[in-house]
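Two complexes come next, and they have one chain in common, subunit A, joined by subunit B in the first and subunit C in the second.
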Partner chain A sequence: MEAVYDWFRVFYQDTGINLTFIYDSYDRNRLIDGFFMTIWLSVICLVLSMVIGVVGAWAQGARSIILRRVVAGYIEFFRNTPPLVQLYFFYFAIGSILPTTENRFGFEEPILGNFAWAVISLSFFAGAFNVEIFRSGVEAVPESTKEAAEALGYTRLQTYLYIVLPLAFRVCLPALNNNLVNLVKTTTLAYAIAVPEMLYMANQIWSDSVNVPEMMTFLLIAYVFLVGVLVWFMNRWERSMRLPGFG
Partner chain B sequence: MDMFGKKPVLHGATDLPVLLPAAARLSATAKKERAAGFPLPHLKARHGFWLLAILLLSAGIAEAQSGTPEKQSAFAALINWAPVMLEGFVFNIAISFLAMAIGTGIGAVLGLMQISLLPPVRGGSWFVTQFFRNAPWLVLLFFCMFLLPFEFNLGPVTIPFPDWVKATIGLALPVMANVSEIVRGAVKSLPSGQWEAAESLAFTRRQTLWEIILPQCVKRMLPPWMNLYAILTMATVLASIVGVSEMMTQTGRALAAENRPELLIPFYSFVLICFFAYCYPIAVATRRLERRYQVKL
Partner chain C sequence: MRKWIKTTAAAAGIAVLASGLAVTGASADVIDDIRKRGKLVVGVKADYAPYGFLDSSGKIIGLEPDLAQDVADTLGVELELVPVVSSNRMQFLEQGKIDLMIATMTDRNDRREVVQIVDPNYYSSGTNILTKGKFAQWEDLKGAPVCGIQGAFYNRKTSEEYGATIVAFKGTAEALTALQQNRCVAFVYDDSFIVSRLGDEDWKGWSMPLPTIDDAPWGLAVKKGEDAFAALMAGMIVNWHTSGRILDLETKYGLEQTPFAKKMHAQFRGVNPSIER
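And then the complex of A and B:
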């Protein structure tokens, strides 16, 4: 590896293209940490937003009109306001009224840090889309299938868990994948509240080594690559999950 | 008179039990919409009422928190700063219009290139589209902010490139890629019989595209295009991260000038409500159009 690093050092001296994140171990580790932070953030938000989506879709089919109205309001609100402002609202506005705790150095510290708020905000944002996606999937399950489940003695919850969800999941997989890709792209917003993900780390590196064009180009390629791999993998998964003759 | 000796409730001149009021109302709406050419947003007073209620509530929370009476109330502070923030909001809308216009123009050409018969043109435009579609908006914005020059020298003429122009270009790039996909998707969604019928009538490829395919596509492209516009409008706040003085930046400045933490909630709520009030009608209209243009199977 040392030879590769040295080659990039020489490459910088010869061409002026300064790829510090390859040959400098400090910058390299920062960028790798940022990359894993982006993935970690995406995975947590993905799981939480799926939970929100399933619960929300279930609540939308409930009998209580208040519950349905609340879910509809939540969806409309989060879909029609900028995610960045939502993030600021959660982090600065709501974060400011929460109680603070004392950390081990004796400083006052908010109970939820910037990472937690980014997770909450992005999950709610992606979850609002997931509710609609799951609902459309649930609606696509034929009534007769549900009636058959009822005839077999399934309760409403059991029908939902064992019959409706597995079928609905296949119907909404393409839309879900779309939303997942959007979520990965939206994690860059966490930069605004200083969550150390890839964009933030790249920013730190270009502030230190003044190699903005190199870092920007790398970032673009890295994100396009990340999303491209994701899309490719998801398309394969979609094909393997397809039920012949359904959806 | 029916057999119970009661007169049935009827409307108008007919003695048939028809639902005239609803029919009359629906036809009036349909007439209005036909005249306008697009479905009208059905905003009711309660929508405004809810927004106002949220605003008052958030101002009220701030009021309760502040406690000290000698300071200006949170609501008064909001009224005070609203013109500055709304000025920023108008700037957001202006950026969104401009970016949408640029993005749609280039994106339409790129989309048509994607259905070209020449493999290199098709492949190249496909690559450009996928590249800009998969890149996060914020990264593209950074890219344009840092790597575009602040002015262009064309011989004697110098074209200045202020920050907001660079931000507009940065936002126009993903719009371009998405419009390109919308165009390609709409053309692909038409049944191939349209192409074959046109060919059998001796239309050239160009004539088929311009006179038969594209006019039908406009209808299909409109809902996703409107959706994209709403997304773009919400993305214009990203420009605040790179220092364009739009609504979010102005709000930040107002908050910094006041330096009162209890104002955070009402001010940010105000920003959220402004965007909601602008984007929600678009979303509703998009859904109506989608339902209207839905192909019935």
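And then the complex of A and C:
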């Protein structure tokens, strides 16, 4: 490996293209950490936002008017405010009034750190869109199909879980795809509250080595790759769920 | 005969001077422009107390505005202060929006390629931490979350050499808020900035306990090619150091007298600092 690192050092001297994140072990390690932090943050938010979407779409059709109002309020709040503002709001405003725990330096630290707030904020942000996306799928299921389930003795919840949701999923997958791709890209905003994800690390590296074009190029390629993997997976899922003769 | 030689020499001197001016270009002398419009425009910080900040009436005051006033007085013109920030200060100078920049700028070689930084340096600052904890040396920060500013060059050193976990934010307001909410145990930044906070009521009980590292000089700058103005400013800086003006201003704004200002004062008064020590 040393030979490879040396080659990139010489490459820098010859061409002026400074890829510190390859030959400098400190930069390399922190960029790798950032890369995995981005993946970790994305995966958690993807899963949580889908759970929120499914539960929210169900609650939207609930009999209780209070529950329906709560979901409507939640969607309005998260869909109508910029995610960056939400992150700042949660981290600095809400985070400071929550209980604290003493850390090993004897400081009373807020109970939720920046990573936790990033997960909460981004999941609920994407979740608000997912609720609406799932609703579009749920509403696309014909009334007669639901009546047929009712006639067979399904309860409301059973109808939702076994009849409506599987069909709705197939209808709304393309829209869901879009939103999840957006979510992965939105994780970059977490650098505002100092979550050490890929953009945060890249920013620190290019500040230290003044190699902005190189780091920007790397970031672009890395996100094309990450989003590409997600899209490939979603497409496979979409194909495997295809029902002949439906949609 | 002697008179003739003198006249010829003077004429030659003027010719050399004139050719020198011709080389530097038509807009070379900003001093003439300043005199003509009767106003000197200086870019200073407005968010960096006490070096440049807003008083209760919204006027920019501070150590650097006072220095700017000295320059205006010397030229016999009015002073106009323009607030600048780190990311636009050199551009303002290049675009001619300001004649002179005195804005807490660290003197670096890559900056010398963009603007004309005047020698000698007028001030200096290093890196330290603001904390209410008990830290005696940098190594005590090992494993501790330390707030910082995104892109600051000492973040790497603080984490790589001293083992701290840097939690970096976009601006000082966010970092200081996080510090007050105990999201980090210390804030690593310019010692000059930290010193200014320590005088504030909000930061009672906080301290700057570590030895300052990475002491780096500050440079004031004029537009590239303004040699005459740069020479005048060099004279102004020497004057400030010789007269102890910088030390007086530090006292006026409640700052400790910095080692750099003391050293420069001693040096320009003709005292050899190596003997005085």
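The rule we apply is simple: the second predicted complex is superposed on the first by the 243 of 247 C-alpha atoms of A that agree within 3 Å, B and C clash if a C-alpha of one lies under 4 Å from a C-alpha of the other, contacts with A are read in each partner's own complex, and residues count from 1 in each chain.
Basically, contacts are C-beta pairs under 8 Å (C-beta built on N, C-alpha and C of every residue); 3 or more make two chains touch, one makes a residue touch a chain.
Since this is a predicted model, take the numbers as computed values, not measurements.
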Quiz item: Which holds for A:Phe77: it touches subunit B only (first), subunit C only (second), both, or neither?
Solution: first
Quiz item: Given the touch rule stated above, what does A:Gly61 touch, subunit B (first), subunit C (second), both, or neither?
Solution: neither
Exercise. For A:Ser96, decide between first (touching subunit B), second (touching subunit C), both and neither.
Key: both
Quiz item: Is A:Pro174 touching the first partner subunit B, the second partner subunit C, both, or neither of them?
Solution: neither
Exercise. Identify the partner contact of A:Gly113: answer first if only subunit B is touched, second if only subunit C is, both if each is, neither if none is.
Key: second
Quiz item: In the superposed arrangement, does A:Ala192 touch subunit B (first), subunit C (second), both or neither?
Solution: both
Quiz item: Common interface residues of subunit A with subunit B and subunit C?
Solution: 88, 92, 96, 191-192
Exercise. Mind listing the subunit C positions that touch subunit A in their complex?
Key: 110, 133, 144, 147, 150-153, 155-156, 160, 166-170, 174, 177-178, 181-183, 185
Quiz item: Once bound in the complex, which stretches of subunit A touch subunit B?
Solution: 76-77, 79-86, 88-89, 92-94, 96-97, 181, 184-186, 188-189, 191-192, 199, 212-213, 216, 219-220, 223-224, 227-228, 231
Quiz item: Hey, which residues of subunit B end up touching subunit A in the complex?
Solution: 61, 65, 130-131, 134-140, 142-143, 146-147, 230, 234-238, 240-241, 248, 261, 264-265, 267-269, 271-272, 275-276, 279-280, 283
Quiz prompt | For the subunit A and subunit C complex, residues of the former touching the latter | solution = 26, 88, 92, 95-96, 100, 103, 105-110, 113-114, 191-194, 200, 203-204, 207-208, 210
